[in-house]
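Just passing along the structure, written as structure tokens.
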Amino acid sequence: MPDARIRDSFARQSLMATFGAEITDIGPGRVEISAPILPLAHQQHGVGHAGLTFALADSAAGYAALTLMPEGREVMTAEAKINLLAPARGERLIARGEVAKAGRRLTVTRAEVFALDQGRETCIALLQATMIPVDPV
Amino acid sequence: MPDARIRDSFARQSLMATFGAEITDIGPGRVEISAPILPLAHQQHGVGHAGLTFALADSAAGYAALTLMPEGREVMTAEAKINLLAPARGERLIARGEVAKAGRRLTVTRAEVFALDQGRETCIALLQATMIPVDPV
Amino acid sequence: MPDARIRDSFARQSLMATFGAEITDIGPGRVEISAPILPLAHQQHGVGHAGLTFALADSAAGYAALTLMPEGREVMTAEAKINLLAPARGERLIARGEVAKAGRRLTVTRAEVFALDQGRETCIALLQATMIPVDPV
Amino acid sequence: MPDARIRDSFARQSLMATFGAEITDIGPGRVEISAPILPLAHQQHGVGHAGLTFALADSAAGYAALTLMPEGREVMTAEAKINLLAPARGERLIARGEVAKAGRRLTVTRAEVFALDQGRETCIALLQATMIPVDPV
């Protein structure tokens, strides 16, 4: 089962558990992560903090990169850029990460984050990030 | 006391409380935020998640921008870019945000994040971000 | 003819003329710019300089934003982030810009740049940028 | 003379010659590049194009990275992010690049670009970029 190492690694990310996040889809070069907007993750206006949005986008992008790497590799974020398009308002956030270019030394990824508010999905963030393979520790 | 609105706003960011973060310095155009690397904020290798590092850097940069805005304004992150230089390993993270250019419509900020590991500070991240003033909700 | 102001503005960008660039497609929220990789725009390895790739991507993204703005506005780049995926090798570069989110105060855009090398298109760059409307000077 | 390979490489960047750019300072981990704002490099409002500003910042940052690499290596830009703070107005641009973190696999750099207008320097851009060593071609 090729998804196992993604799910195993994700399960070790305590921040994802803190946020109540779960992997809701995995495919070659793409991962979707979904999380409620918990009261513990707000900014000062009572909506989701940019740190929550970023964490989900970054994890979705990073695990999307990992799906295309050989067994036994790990991945770390070298850099990421996020544009926040709208407040993280609603019940849930859904982050969809995908690989734009899988290189030997670097993998370039993108992610979009959607807020689900009363059944309606709004794109609230775009992320573009560089992932680098690392040896497991 | 000019710092009061920064501290009041910060106190309403539940994510900062979740991370155990506190403001450790404020000046005109600069804010320092410090937080322990709590077990609830780890990535899969047992060090701080990029989402933690980003959240602290983003908040430090955003509040640095707010220090230079007229009373009664709020600030939101329009976009941010972070380079992760080293793992978030150690007891504490210290994020130092400052204003690079305070404009009428946009404020450009920078932040550096340091990990404090056994008394030694290592720079682990550089952030460059655009803040936009908003009316309070 | 709604394209006229885009083409007029583009015609005043001397750097685009220097690069031999032309607009090859315009639609609502999207602009395509194409240019040869001229010998005057190389980096040290004899392929197109990152500055060429960036300039085309930035212009395509900026004009894509302008297509959705009211008559009489102009647009400037507030910030841009580019990932370079492969060398700018071949005869031509094609930059396709599009609007991701047209806001009242900021427009978020994306662009992809392709190199055309012996009839084959390779994606060489991804750009994500924030455009800000300005009054004409 | 340790600067020789930087100057040799720079001399092979035809885009820098097109822009009339020259290296005006080199030190370990830093390079300064200066160029007039030539009429051939304007945007639509008659000031320097963002592509000019980016090209100078990117070259200054890339060569700053190269100063710290072993003899015989070359460097390429993996990604770069630029915030444009003010129009590129005046006689000259001065781009100052420096290394923020020289890693084994990636070098993180920063650059600032100043416009010299009637004897007064204004910071017009901040760049943060990741450089990757490559074997010479």
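Just a few scattered comments:
Letters A, B, C and D mark the chains in the order given here, with residues in each chain numbered from 1 onward.
In this section, contacts are C-beta pairs under 8 Å (C-beta built on N, C-alpha and C of every residue); 3 or more make two chains touch, one makes a residue touch a chain.
All figures in this text were calculated on a predicted structure; none of them were measured in a lab.
The greatest centre-to-centre gap from chain A, using C-alpha centroids, is found for D.
When the CA atoms of chain C are superposed on chain D, the rotation angle comes to 180 degrees (nearest 5). In this assembly, the C-alpha centroid of chain A lies 20 Å from the C-alpha centroid of chain B. Taking each chain's centre as the average of its CA atoms, chain A and chain C sit 28 Å apart. With centres set at the average Cα position, the gap from chain A to chain D is 33 Å. Among all residues of chain C, those that touch two or more other chains are 78-79, 81, 83, 108, 130. Of all residues in chain A, those touching chain C in their complex are 81, 83, 85-86, 100-101, 103, 108, 110, 123, 126, 128, 130. Those residues of chain A lying in contact with chain D across their complex are 78-79, 81, 105-106, 108, 130, 132.
Across the complex, chain C meets chain D through its residues 9-10, 12-15, 17-18, 39-46, 49-52, 54-56, 58-59, 74, 76-84, 87, 137.
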